[in-house]
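Given below, in the form of structure tokens, are the structures.
Look at the two complexes coming up: chain A is in both, with chain B in one and chain C in the other.
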Partner chain A sequence: MKQNLTFIENAAGRMVPTEVNGVKAVPFKGYNKHKPTGYKAQQPIRSCGDYPADGNKRVPNLKEALIKAGLKDGMTLSSHHHFRNGDLIMNQVFDIAAELGIKDLVWFPSAAFPCHEPIIKHLDNGVIHHIEGSLNGPLGDYASEGKMKGLAVLRSHGGRWQAVQDGEIHIDIAIIAAPTADAFGNATGDRGPSACGLLGFGLVDSLYADKSIIVTDNLVPFPCIPWQIMGQNIDYVVELDKVGLPERIVSGTTNITKSPDRLYIAELTARFVRDTGILRDGFSFQAGAGGTALSFAIFLKEMMIEKKIKARFIRGGSTKYLVEMLEEGLTDYILDGQTFDLDGVRSMRENEGHQDTSPFTSYNWHGKGNFASMLDVVVLGATEVDVNFNANVVTHSDGRMLHGIGGWQNCLTSKCTILPIPAFRDRIPIIVDRVTTLVGPGELIDVIITERGIAINPLRQDLINLAKDTDLPIKTIHKLKAEIDELIGGPPEKPTFTDEAIGVVKWVDGTVIDTIFRVKK
Partner chain B sequence: MKQNLTFIENAAGRMVPTEVNGVKAVPFKGYNKHKPTGYKAQQPIRSCGDYPADGNKRVPNLKEALIKAGLKDGMTLSSHHHFRNGDLIMNQVFDIAAELGIKDLVWFPSAAFPCHEPIIKHLDNGVIHHIEGSLNGPLGDYASEGKMKGLAVLRSHGGRWQAVQDGEIHIDIAIIAAPTADAFGNATGDRGPSACGLLGFGLVDSLYADKSIIVTDNLVPFPCIPWQIMGQNIDYVVELDKVGLPERIVSGTTNITKSPDRLYIAELTARFVRDTGILRDGFSFQAGAGGTALSFAIFLKEMMIEKKIKARFIRGGSTKYLVEMLEEGLTDYILDGQTFDLDGVRSMRENEGHQDTSPFTSYNWHGKGNFASMLDVVVLGATEVDVNFNANVVTHSDGRMLHGIGGWQNCLTSKCTILPIPAFRDRIPIIVDRVTTLVGPGELIDVIITERGIAINPLRQDLINLAKDTDLPIKTIHKLKAEIDELIGGPPEKPTFTDEAIGVVKWVDGTVIDTIFRVKK
Partner chain C sequence: MPENQTYSAGPQTGDIRSDCQVVYTKSANPIEIVVKTKLEVMYSKSIRELAAKSLDSLSIKTGKLEIIDFGAIPFVMMAHIETAIKRAFPSLKTALLPDVKSHTLYTSTRDKFRRSRLYLPGNQPKLWLNAGIHKPDGVILDLEDSVPPNEKDSARHLVRNALRVLDFFGAERMVRINQGDMGFTDLDAIIPHNVNLVLVPKVESATYLKKVDAHIQSIQNKYGLTQSVYLMPILESARGILKALEIAEASTNTVALAIGLEDYTADLGVPRTNEGDESFFARSVVIHAARATGIQAIDTVFSDVNDETGLRESVLEAKALGFDGKGCIHPRQIRVVHDAFAPTQDEIDKALRIVEAAKMAESKGLGVVSLGSKMIDPPVVKRALHTINMAKATGQLK
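Here is the complex of A and B:
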């Protein structure tokens, strides 16, 4: 094992390392079993006397900003992913680090995208030691093959806030791309030529990093309003020609599905919500940005119109579909963590009912409550579920680490969590005996909806009762699995794994819920 | 001396205690001489598992909320003053504490008002040990007479944030009156039957208190938007019939002056700003809520219209006069810390250009910059100034402690700080050899404007040059003082003081700039 790790079994029966990238790790203890006792990360007291009195924090370029921020070997650099696959900053940052001869950096993004493929050379050449954050595309591939020096640490959006807040990870320098900002460092994502909506994923970075750099291509006279990021938390401001490509915010995951099976699953999901009585005036829901989830929202919308029902709030990731619901008066509010298209960006800028949020408000488990548990229903994806309703969202059934967690784990605390998933992907059944990687504990997952039927978690007798007198195709999960396996001719061959850990999955409370091992070739 | 204090001389030549209410005190070292080295106050890590999953944090009444919050002897309870003289909560809180037999509380309000006179009985009966905060009216009188057990600790708005942030004072329970809130604890001041504008003075309390209680008379379904206070920082929510009397927000200090002398001073001040070239497109200003400052704003407005000048921002305390300027397009923004009348409240609710702020954004000296130093000109009051431009704002020339500091100290870092003050009050000259209480160091005070002439601080040769070719009545401060003294027949008799300290004045960095001693009867 490349890191000489010691493994112990956690409460979910998964082998997890006792140490992750040199930091002592706590094994998962079960949902709501780990009670934090310590204090939040300490932040040094600053003095206005050390900052320009006229509020002008501009430095000529990114390189000077990084030098002024004290960039040196071994530091942790962070960034947000509101530009998704359109980020133009972080490749430059690591090129500059390479030019300056810096080594062993940790990159702590809120997510990485295929556009970050050039960073692989900096993993190879030692500028970056490892990445702590959601990896997908080429970087996920790279780590899956065991090429990264450190462990990939997969955290939910709420888990990322928790990890910084609780001092599990210390950010030395935060680099915050901002579509509009002033020279003092106030910044917003909702306007400017590169508008990307909001900057909520960079908020914790601005609060806890030793040094924070705003990078913008639209500098406005003070004050930049709204100030989604506050200048009082910022050290330096850099102007660049272009910080991001907003047209690349729209990724492949944010189109509605055209597959007849998936449309049927989406419709079944909407019917489940309607027929069990979850759909009522003043209700709330969240649906991810995957094609099935989007289609669910469209079916649900028709039902809301038919039954003259208005939601109190919808949680985004916002898309044009949610924006239409807001504009048509079908919801009072969108509480939005991430705009997934340019309609979302426009609406957030123009509509007071479209409220930007952050992982602090929405997802952080180590706060005095959060929004996720207040939702009446949440509709999420998964790569696998098992007969105990445990689910996987980060590895494919071939064992490769190819997806980030996003807000997925955080959303599981909703009043009703539904996973609408196809019975098969590439002729591989999705319901398995044991998920390859445990990301969400089964006790929090209430309903599995496939084109072959609906399974309700036996822990939710209330939902089972509500569904009893409907025409919904309710089955036990075992029956559902057996039917699917029979169609395919038995469960598929499982991948075999080496004993080399390539990453860990953190639970929302900072404990380690599972390990991702390298697949045997 | 009732507290057995040891005094040392600080850098301003003032005798200050080495300890304040049992906490070691740092003597004032001069402007921007004290560099903080430590960390911000530690906040315990919470878990959502300890808060209601449905977000309903309501408890039946204030008494139960205080009991649940663990109210006990010696605790520090805090509150904000956005209702100014219309607060209806804190008298109830201390009555409940008395009923529960609690003793030795510290009350840490952002300011106290005459409506809090009933609290005197709880100072007498030992329920409250002392008040740390601006005292005026009956409470100021009470403390001035040496009746309070602890020292009054006078802090600026920014100093209050700094003290909490830096851990100089720990809030056990924050009681936050909110005109609108939801059951999760999200709260806003800008709407509801008791709308008071914003809740910025309660923000630091919500962030750092062990337990925070929202008290509201307008509970709305989740989400309450805007969330000036975030539910993620709140423990309990209490509904009451009425939390405050917004009509009492308008206090005596927020009317324009009718005195011909003061109108002349206000006009001179506006002329100074115009004729020295400070008045230019895109400029910014802040004027307090006193009669002269308001009249200054009205004169300035006429000059802006005449010269076709638009401000980029005006800092409030907002009044109908500032709101008119925003609505008439004379400024892009009002950055507002406190609404002083109901036009201010309405405008903040309705106008995107009317932005709520907090002492964190505006005043906190221990941050990465703040707004105060970015202002082109600030117009403030004073009870006394001396020939070195040192000024007093908390004691009258009779030595009695009767005013709070407000944002006054924080504003002194502006690019040009002007004190327009009458030459006399009750036949007592305002320019003295040595201010009774030092609240603002002379090096930060640039211009004194009286009806007998204008004195510019010799440190500001740039302003002296700019004023040279104007028809403004510029004089040295010594000449101005001599003229005033001659009119009155010499300087007045000074009050004599006992050696009993009744309070201290903190500078914006947490050091002690002066002591208030009890006046000899």
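Here is the complex of A and C:
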């Protein structure tokens, strides 16, 4: 919906609004340039005497918990996405809000999934004003068409934590679904019928929300051990028959790719890591759960065995493949941000070397350092990369907003950031002259690996030198782009945009790096 | 001519990707072009331009052309436009040719390695685009078994266009033609477009292969082409096997003799087994005929894509029998095939000693090569040189 916004050009040359959903916004200044001072947002003061001395914080149902938490018009409700596409809670929450006649809520999820499609009716009927969080699938389409009242605010996992600490977002009520909990509010994700591994994405909510509700389908007598969420931060506990669909909690993305082209890209990526000497004893890496990233890990594992190399730590998204590496002694630790399959969940329960983490430890801009920048190599995806190595993960080349950022932006600070991506999908080239939406600045993206060659960022002369005497197919990004365009009969035309903003992309420090405008029909 | 009759080309069903459908409707009205594409924003304009230019080249001024696109690249779209139009006007002779890309203009050699040859179905161009990056020794654009009878015209246009446009990164550019007269129509369509090698299926006589060779020559003469077009006859019947030697020596352009076991076992009336007792004779005959005439012997395909161990065993067995190559039906098989055909370190060491001994003997003017107390015959030296060449090609030997 059209808003009256003032736009200014940020340091990346992108036009961004000076205000986002009524909050003053700072334009992107460049990497490592924005450092606010002062104090972080605070938690409200609470007193023990106001809580049951016997530790029993149970309320009979979700509706009562929301009423007790003081649900009213205009509040911000938050939730985590550890149940991914199997979440059964948030649709119920907004149905209850509708039933209570509540309007203009803001939903602040760590990510939304296709299972949240029913929420569209609450955007239409005014129960929800807008969503601040990753919009995938149907919600992405809805917002892309300009139907949402407020701006979609796309943040990274680390950026979500930063937004709370900077006071950009104040959470009124956090709803934290937990696979196992006690009546005091201690909760864990590593066990129970809806086990999802860990609850790290909900941690900031429990720490900063005015009111926090734990919802569980596996209530155990106090104490719930281990506790990933501390009961001291929880107001109410609700027991339901079922909080999630386990078969959808476990991601469908954890299959190794069968595509010969993607296998080739994955292998080329592993060879790059080996042949440039990044693969050495005590190294660390992070690879996500996509088919190519998983295959990369498997190729890398073979090379590690062959060269008798052991990693010090691997950052997850854990999968059975990473768990195998841990259990076969190929890494000392998995530092896990989310578990993608049941082997990951089991390992987190059983293996001492499988540590649950949170966006605070791994990604947060306002921590005193974070894990992401300590990684030797990280392997990520993208929908587009431009000739200056800027990359996009949230929109497609036709301008549609379809994906969340996840930890993607946060990981760019690793010592070597590699994007292994197919040169083209159908007829859509991956390398463009200018990304549709800027999500990651080119100075942080080191290597693009496609089946038609590898391009190294000219800023990384060190990597260029290391790759020089290898048989890796190194090309300039311009040559790679020209080859791909020639094959597909491109470059394609670009969409034309209206001047109507439908969303903004935040950088990890809270500044606005780009605006997503509605595509002209 | 009936008005409003429609003529279609391109895949009609299933999950269509990187391809398109073309429907031409005859009428007396001025030409109308309708484009529907899932890449509307990015390509609808250029598709429309391509369609208009194509119709112009084919001198089509009336009717309606609809393109339903799922991300087809231009050479594929042009092939389907040509097919739809020629189905409407069968007497039309003009070809709709994409410009030749310089990266397609390489030649082959008689003794090029032919360890792996990757079959590419003639009606699935999306599988061709990246075929070369997997580095098979050869790619086979297949007009025969992978293409249903009513799609042969379409496959011919697609394959011809691919030969003019696609970079196979040095892989030998092979085409498998159809059996009988249809094979000659195939040759007319493809030979002018830099084919390195023609696979001739179900060859049962030297006469037939000579006819194919002569036909290729006549096309080359017509177009003033001089580079060699090699032949790989496929023996896949009892008669073909029994005629192996005369087929192998029928033409100087023949560089390899291949065996096809599906049809061969069917011809014998026996099931094809993993152990392969039923085909041992035929395979041995093919190897003997090839060795006797100094050409390569190429084994059949291994059809279980998921069974990497089985494939490796099958290649090692083929290598032990004397085969030089194996057919591949999936890019994942190529590496396994190359690895299995690669000489072992023992074989390389031995070959180096033999070649060294031969050099010594030559420099000393000795007629007989000996290694230790053993005398080495010339074929052994030749084989050793082959081993060293392969070791160099695989990077095992610098």
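By our rule, the second predicted complex is superposed on the first by the 517 of 521 C-alpha atoms of A that agree within 3 Å, B and C clash if a C-alpha of one lies under 4 Å from a C-alpha of the other, contacts with A are read in each partner's own complex, and residues count from 1 in each chain.
In this section, a contact is a pair of C-beta atoms (placed from the backbone, for glycine too) under 8 Å apart; a residue touches a chain by one contact, two chains touch by 3 or more.
All values derive from a computational prediction rather than experimental measurement.
Contacts of A:Gly399 after superposition on the shared chain: chain C is touched, whereas chain B is not.
Of the two partner chains, chain B is the only one that A:Gly282 touches; chain C does not reach it.
Residue contacts after overlaying the shared chain place A:Val519 against chain C, while chain B stays out of touching range.
For chain A, the partner touching the most residues, choosing from chain B and chain C, is B.
When the two complexes are overlaid on their common chain A, residue A:Gly329 makes contact with neither chain B nor chain C. Residue contacts after overlaying the shared chain place A:Asp54 against chain B, while chain C stays out of touching range. In the superposed pair of complexes, A:Pro495 makes contact with chain C only, with no contact to chain B.
Residues 260-261, 263-264, 397-399, 425-428, 451-452, 486-489, 492-495, 519 of chain A are the ones touching chain C in the complex.
Chain contact summary for the complex, chain C toward chain A: residues 17-18, 38-43, 45-46, 50, 70-74, 101, 129-130, 133-134, 166-167, 330-332. On the chain B side of its complex with chain A, the touching residues are 32, 35-40, 42-55, 57, 165-166, 184-185, 221-223, 225, 227, 230-235, 282, 312-313, 333, 335, 352-353, 355, 360-361, 364-371, 373-374, 413, 415, 509.
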